[in-house]
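In what follows, subunit A forms one complex with subunit B and a second complex with subunit C.
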Partner chain A sequence: MDRIPILKMGPFLLVTIQVDLYDRLALTLENDLISMVSKTGARGVLIDISAVSIVDSFMGRILGNIASMSRIMDAETVVVGMQPAVAITLVELGLTLQGVYTALDVEKGMELLQDKIGIFEDPEQDKEGPDDSDD
Partner chain B sequence: MTKDTMQIVREQDVVPFRNRVREMCTKIGMSLVNQTKLITAASELVRNMLKYANGGKVIMETVSKNAQAGIRLVFTDEGPGIADIQQAMRDGFSTGKSLGLGLPGAKRLVSDFDIKSTPGEGTTVTIIHWKNGR
Partner chain C sequence: MNTIAQILQSNRKKILENWMQNQLADTSLRDDLISNEELRRQSDELINGLSRATAGGNVDNIYAPEYEQVVEILSDISITRARQGFSPRETGMYVLSLKQAVTTVLEEKYNEQPEVLYKELLTVNNLLDKLSMVTFDTYIKGREEVILRQTDEINEISTPVIRVWEGILALPIIGTLDSARTQIVMENLLQEIVNTGSSIAILDISGVPAVDSLVAQHLIKTVSATRLMGAECIISGIRAEIAQTIVHLGIDLSNIKTKASLASALQLAFSMRSVEVRKISKNTGFQLGR
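Right after this comes the complex of A and B.
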């Protein structure tokens, strides 16, 4: 069976969707991602949809589900690389991807994730950061 | 004028169907945004066909009006039909567990949208999208 590969990069999971997803593939990805978040303790999920030419309400719901499920498991989700035509279509369709963070490209998405996680880790860093006290 | 019919019986048929529609759009020189709108609307409608009627068929053809080219897609199924079309066309209404954006969303995305349904016999949805998107 076809599967979308999920890459682990530090505290993040990286998914690049390179094909137009049919339903079962999208559902498998949803499942795989959530199990990976659980298994690896990832703090962020980055989904690159720059090669996806069609996002319909089903696909939009999957993205929303992934974001909600990840959040419950203490990981943030960023969707990056949406094509302009897809964005225009989504808004007219009435799908606003609520609760899903977005960024223009992978680089900005990574920065956003780092920022999100930085906020949570700041107090801990102050406590256990020997580098800081040396300065 | 090309005319083509595709049977949609399983979800794996959706991607080839979308590709076929894209080919037709490209042939008449439709812009990427309008292609995306039409294909997204078509995707919602075939999904409905699969979900509620176990599939159906789509007739695809290029049409023209006042020198304007367009694409017409006719989705026909022999499913349970829709008892209350007005209700089905309302945003957020769904008898399934979806978001209820399919029908009203598809209507917003295309130039012309027509739906006819007879409970117990099936549903036919016809959409036309003109090259200029109007």
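Right after this comes the complex of A and C.
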């Protein structure tokens, strides 16, 4: 069975969805991702959906679920690279993904995650390196 | 062969001359839009087609196959005229003046037989009235096409997405927002965000005359879609009366960044991107600090 690879990058988990998500695959991803978060103690999850061209309400809900579950486990979720057509569809469906952070691309998403963690955890700032400061 | 076809055939030259005279005599003739030769050619073709169509004896049903050519010629003429900007009256007069021309010939020929004359006049009247209705129909269809195309063009032109700064887009909306336009606005904006990689979009509604609950909903949708893409959206140009309506309608815009003017929205965008604009003394220009 297909599985979507989950990569660990420092304190973050990186998921790149390269195929159109059907329901089973989405559910598997949700399971895998949450168990990975708990296993690695990740602080952030970055989901790249730039290759996804079709979206339905189910997938919208899965994304929302992943974000809520991660938040409970102290990890922020950023969805990056959403296509205009996908965004319009989600809005028309009334799914605005409240509580999910979004960014234009992986690079900006990473910056956002580092920002979030820097804000929430001051003592670890030096551990994170110079990325937290803007100027 | 019936009388009308006969008359059309044997008196073709005369009818054409009469018709041309009628048309040229009409003060409303637009010789700036159509040349006399062109008019003569069209008219000749039409009389020809008409005499062929009536030859079979059908002077009543213009939807019969033998009238196909006549209807086609008329449609062509009126659609081109609609596009060229002729008025409905000018287009309608084209066919109606043919009636005049045929009537004159009929009168001359049947001067001695009033009964035949009456019957033939009725037939001609009936036939040409129907044909002028066809002209009218296609004229209006042509006008509607023109209007539709213009509407599309206006929609296309009136929603430009401007790149005001690196990473900052502005979208001034002018005119009423309806569902169709919001769709275009949204698509243009989102596509431009992808193209330029901009992270902030300013939606300026100072050119929107009124905001009702539907428009507000459309705006909220656009902002949500922008957010899903990973960009921030600021709404600017909210006037006092619009702010009043929004509050009276009970629309919640508290999740959306709003600013009174495009200038202050731009300022907010600058500060969000950590860009500073300041004046330099003894120098005319502005300098950008980053």
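As a working rule, the second predicted complex is superposed on the first by the 122 of 135 C-alpha atoms of A that agree within 3 Å, B and C clash if a C-alpha of one lies under 4 Å from a C-alpha of the other, contacts with A are read in each partner's own complex, and residues count from 1 in each chain.
One rule holds in what follows: contacts are C-beta pairs under 8 Å (C-beta built on N, C-alpha and C of every residue); 3 or more make two chains touch, one makes a residue touch a chain.
The model shown is predicted, which means the values in this text are computed figures rather than measured ones.
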Q) subunit B versus subunit C on the shared subunit A, clash or fit? A) fit
(Q) Output check: A:9 vs subunit B and subunit C. Expected answer is one of first, second, both, neither. What do you get? (A) neither
(Q) In the overlaid three-chain picture, which partner chain does A:20 touch, first (subunit B) or second (subunit C), both, or neither? (A) first
Q: Examine A:93 and indicate which partner it touches, taking first as subunit B and second as subunit C; both and neither are also allowed.
A: first
Q) Is A:51 contacted by the first partner subunit B, the second partner subunit C, both or neither? A) neither
Q: Considering only the touch criterion stated at the top, classify A:104 as touching first (subunit B), second (subunit C), both, or neither.
A: second
Q) Just subunit B (first), just subunit C (second), both, or neither: which does A:80 touch? A) second
Q | CA minimum distance (subunit B, subunit C), superposed complexes, angstrom | A | 7
Q | Touching both subunit B and subunit C, residues of subunit A | A | 83-84, 86, 88, 92
Q) Once bound in the complex, which stretches of subunit A touch subunit C? A) 79-84, 86-88, 90-92, 96-97, 102-105, 108-109, 134-135
Q: Going by the contact rule at the top, pick out the subunit C residues touching subunit A in the complex.
A: 183, 186-187, 190-191, 193-194, 197-199, 221, 224-231, 274
Q: Note which residues of subunit A are touching subunit B in the complex, please.
A: 20, 22-24, 53-58, 60-61, 83-86, 88-89, 92-95
Q: Would you pull the subunit B residues touching subunit A in the complex into a rising list?
A: 11-12, 14-15, 18, 22, 32-33, 35-37, 39-40, 43-44, 47, 91, 98-99, 101-102, 104-106, 108-109
